[in-house]
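In this document, chain identifiers A, B, C and D correspond to the written order of the chains, with residue numbering beginning at 1 in each.
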Amino acid sequence: MIQVGIIGATGYAGGELVRLLYGHKEAEIKWYGSRSYVDQKYASVYQNMFQIVEDVCRDDNLKQLAKEVDVIFTATPQGFLAGVLDEEILSNTKVIDLSADFRIKDVATYEKWYGIEHKSPQFIPEAVYGLCERNREAIKQARLVANPGCYPTCSITSIFPLAAEGLIDMNTLIIDAKSGTSGAGRSAKVANLYCEVNENIKAYGVASHRHTPEIEEQLSYAAGCPVVLNFTPHLVPMNRGILVTAYASLKEVKKPDGSLGLPDAAMIRAAYDKYYQDEKFVRVLPEGVCPETKWVEGSNFVDVNVKVDPRTKRVIMMGAMDNLVKGAAGQAVQNMNLMFGLEESEGLDLVPMFP
Amino acid sequence: MIQVGIIGATGYAGGELVRLLYGHKEAEIKWYGSRSYVDQKYASVYQNMFQIVEDVCRDDNLKQLAKEVDVIFTATPQGFLAGVLDEEILSNTKVIDLSADFRIKDVATYEKWYGIEHKSPQFIPEAVYGLCERNREAIKQARLVANPGCYPTCSITSIFPLAAEGLIDMNTLIIDAKSGTSGAGRSAKVANLYCEVNENIKAYGVASHRHTPEIEEQLSYAAGCPVVLNFTPHLVPMNRGILVTAYASLKEVKKPDGSLGLPDAAMIRAAYDKYYQDEKFVRVLPEGVCPETKWVEGSNFVDVNVKVDPRTKRVIMMGAMDNLVKGAAGQAVQNMNLMFGLEESEGLDLVPMFP
Amino acid sequence: MIQVGIIGATGYAGGELVRLLYGHKEAEIKWYGSRSYVDQKYASVYQNMFQIVEDVCRDDNLKQLAKEVDVIFTATPQGFLAGVLDEEILSNTKVIDLSADFRIKDVATYEKWYGIEHKSPQFIPEAVYGLCERNREAIKQARLVANPGCYPTCSITSIFPLAAEGLIDMNTLIIDAKSGTSGAGRSAKVANLYCEVNENIKAYGVASHRHTPEIEEQLSYAAGCPVVLNFTPHLVPMNRGILVTAYASLKEVKKPDGSLGLPDAAMIRAAYDKYYQDEKFVRVLPEGVCPETKWVEGSNFVDVNVKVDPRTKRVIMMGAMDNLVKGAAGQAVQNMNLMFGLEESEGLDLVPMFP
Amino acid sequence: MIQVGIIGATGYAGGELVRLLYGHKEAEIKWYGSRSYVDQKYASVYQNMFQIVEDVCRDDNLKQLAKEVDVIFTATPQGFLAGVLDEEILSNTKVIDLSADFRIKDVATYEKWYGIEHKSPQFIPEAVYGLCERNREAIKQARLVANPGCYPTCSITSIFPLAAEGLIDMNTLIIDAKSGTSGAGRSAKVANLYCEVNENIKAYGVASHRHTPEIEEQLSYAAGCPVVLNFTPHLVPMNRGILVTAYASLKEVKKPDGSLGLPDAAMIRAAYDKYYQDEKFVRVLPEGVCPETKWVEGSNFVDVNVKVDPRTKRVIMMGAMDNLVKGAAGQAVQNMNLMFGLEESEGLDLVPMFP
């Protein structure tokens, strides 16, 4: 039985970790870390866990915790983990970090977009970017996994096949993303009040959202060249779900018959099948069916689909995902499974809930 | 492995049956009955089941189906099952009926409230009312289970202990209930359009809702006398969830010290503990914590609590439940488990999803 | 032109006052009081007022303000107005208080339910309870109007005719109310976050909500005897709207033909017509049509209806209203119109917005 | 007093026309046309109009109606008006068509995208595209105004200044739009049920939505060259509102100092000010403030803003609008005001409702 500690167990991502790990056959939570609710029963904070979780919340103490558990999930604000991580911790336990601290390889880029100094740059090189479908083998060997951001998970999954196969002009890439409100976290802010979000939609972080460099870095690896793109997130009046609509111009390629030309729908579709036909958690939808966030709610799926527009010679890439599952806690558990040699889908065999 | 047939698999309750049975270790669905979607892939109707369910929808044929499966769930309009049920079917298979056809023992009462003739009154006597916490032993022996209505499940569960213990005046009982919109079903009606329900709340079926006699009958058994009550349902802008707020005057009783008087909070609470302390799916919340539908969403729990008002000498009984789970498909699976001698909670170990 | 000052202009009720007064032909706002946003442009707090309101928010200073304006609206926390009011202020200006400070005639009752000491009990006697349809003449003469609470406005309006006509047993009165979330105000609390309220319904303040004594007092006047009742509010996932569902047993009365008996539907309806047929803002709906909050959204209407249940000998009284308009800012403007001798509906000729 | 007839008065756009015209000082509705509700009281279909509108719904009869009223609004399905319009009608009355029949100048384009034959192509040349801010003078002279589509109104308004000033490369234009559900109309379809839309977001009509050629045509006029673009609408769980997020690459231009280069933020902003500083209904928001649909709800405003991204050399154009007001009924009334020589904002002085 894997012993698990969670730092930040009372945020929405932390709460989702608790929900998912309850159904996990090989793991049990030993530590519910929460600065805000120390010594309170966890189930008094998340009443859904009443009579399911009996533990109380405890202060975070990563050093001590590392000696007691096999893996620590940090669902904490940016900078927290980088501020306390050391070799001793990593020699005692594995760490899956749901914050952004170790997602970006270039320290300067991290510091510019996040506006804070990185306190543990020495661990960046060994940190593995935990997008399971991409880095499966490296994750299995990792001590420190940087669990991807919610927007990046959905964006990269939706775009990767065409980037990797060279079918789109990466200079034309635009990502328009929409997220439910749980992505904004559980802290009390006027902007996140019910009456402010309900019956409303807006863009935010336009041309400045922190997930931009993370997406760019990963797609650069896919495309084999630097990628600079537009990423615009929007806040949608719903609890869960991220929808990505991405646009790019098709690139002239050598077609199967040897001629040069724009890839057709079949080639585009083949690219998605190539990367995802054996992936349990990425579902390439039937032609003409657009991803909807409701169809994946509560599950670890990313639903993707693609549409070629011959009028504009562009392709529209779409992806839908539950931001708290595949976009946070679910992928974190998937990473844990890989790191401990378990069945990758253990605890994640979740059927989306509808309606 | 129990072979299962579902008639009405593409309604919301049918869809929830499919979701729950997918996670059930001892049952598998052999028949997805749906008149509206015959020969279409089930996953094209409920896209959440894409790559999970590969079957197509089939026309309903209860007689044939009864020979092929061990149990049939009928999630069908009122009158359907009563119109086709016969001894041959019941000798071939077990039937769990999610409609109201066999919930009410008095045929005249059924016909008055539902406005249709009952075509199979001969099976009413043997039908067992499938409120598992109340009729567990009878359900185990049943061929035909009448799965309770959503409002009745939540209402009866919330009120039963005080009715059974004689602590409230049954003539004063008022039930004010609130339901999410999935209870209205998946048929296309203007009144159920998004824009009509959203940002809106209303009462409906005032003093005339069909679940009234069902609640009255069951509470009559509990109280040992006829019960006539007010039941007012309301439509709430949310997908899932039923909240019951019930009111009754306290009845003078002999107190533990022998004196006559109104029951105090401790006696009231003791009544709930007596009936529910060993029940997995009924959670008596800590004092002062009001049930909320969100805390049980997606699960088979009913959360209940109670508050004594010394000013008015009344007690307020509250219950929250997911109408599609404990109020429909979950309880149906719980009934199946009982009928087949399985662990009662098999397939129902569902953690509520929050947020 | 009436000069208006608002203290608490950046809460939701304050914001609604600004919206309504913009459309008022005889009033103009001179002072946007807001402690939280001093010196910020009002339209930067409420972006809907961009290019409509150019003023900045100012600190509250009731004494100074009283000299500059003809009327002050205080949309402030409980205790604020009572803490600063004095004779000088009231001799300089009229005050319409949207808080509870002067709604309850009995100081002890106020202090018990609100848990604070009343600092200006000397002004309670002269304060007029501003339920316009009830106290029209007194309001016209008032210097100080206590604008009713949102729940009380809807509850009293729905119940008054039967209480005043002696058609119901006041000892049996139960009020089950449901409110949108704007009633909880604009302060940043976890409980009011989008993800906590959305897809959720709960009761709160059970047997202890502060609006209870206010309703009881007003209905006591109507019935001519002390009234003790149950009032249970619920939080509904919508921005605006209050729905009241109230229950009471019918009282035996002398019928038109001289016999004794329970009032029938016609007598009940006649009571509503008697009090409301000339009231512009109270709409008695056609028989069988239940009030819905969406049908009054944005308007000053209260829609009411009533249903007699011969089975239980009870009557169900229903009312729907926009909590920010008739439940707060709209009624406050209606009071202002009365106090200044204007057309009562000036600025309030608002058509409900649907959908 | 202008006599008004509405064909299609019981759809959502028709209902909004009724709401707005009630507040119009110079117009009164004489005819509430509705095939579905003939002879029923209008207020029984839209209960918000109870005691406000006393008329009944009448069958549509354009020929007869044209003789009785000064202007007809047709809020009807595509093809209806083109199927019945003739010279006699237009000689008797003015027509403001809220359908797409006369929006597109090229018949073949209309027939291809809408999939129906155009029955009155002879009236297309004289029809004026009723985007008031663009075609004010022509509208004043028109007998037949094609009221713009909701998406086109918001898209064109957001993009026009940069297209007209030649500051963006029109070949790179991508419009990602999000709409509330009232845009889908009031017909009973499963896809528009509350439970299907709530907690969900999806794209639809990808690379095939009918508003595409309308946007392209109007922006072609602005840019002075043919425009082919991507337009992707999304369905958002809210009643009202459209948000447009549009992307284009900046075009090298001669700068104020004579040099060649990309336009900077000041030049971009100046373009918006040039076209909108005197427009009452288009609000260019302060720098850094993103448009939100809630801030314009119920009003005739379009809020726009723009952000230059120096990293990608693109500009992000944003617009928010109420789809039923400026996107349908509000603009239709604005057109009527222009056609009859009234104050352009008569009846449209609507303050957005928040929350």
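For this structure, a couple of remarks:
Here is the rule we go by: contacts are C-beta pairs under 8 Å (C-beta built on N, C-alpha and C of every residue); 3 or more make two chains touch, one makes a residue touch a chain.
The structure displayed is predicted, hence computed values, not measured ones.
Taken together, chain A and chain B share the touching chains C, D. Of the two chain pairs shown, C-D and A-D, the one joined by more C-beta contacts is A-D. Chain centres here are means of the Cα atoms, and by that rule the chain farthest away from chain D is B. For the pair chain A and chain D, the distance between C-alpha centroids works out to 38 Å. Centre-to-centre separation of chain B and chain D, using mean CA positions: 47 Å.
For chain B, the set of residues touching two or more other chains reads 12, 182, 195-196, 198-199, 237-240, 292, 294, 297, 355.
The residues of chain C lying in touch with chain D in their complex are 12, 15, 19, 22-23, 44, 46-52, 182, 199, 239-240, 283, 285-286, 289, 292, 294-299, 303, 349, 351-355. Across the interface of their complex, chain C is touched by residues 172, 174, 176, 178, 180, 195-196, 198-204, 206-207, 228-230, 232, 234, 236-241, 243, 245, 247, 290-294, 297, 307-309, 311-312, 314, 316, 318, 320, 355 of chain B. Chain contact summary for the complex, chain A toward chain C: residues 12, 181-182, 186-190, 192-199, 237-239.
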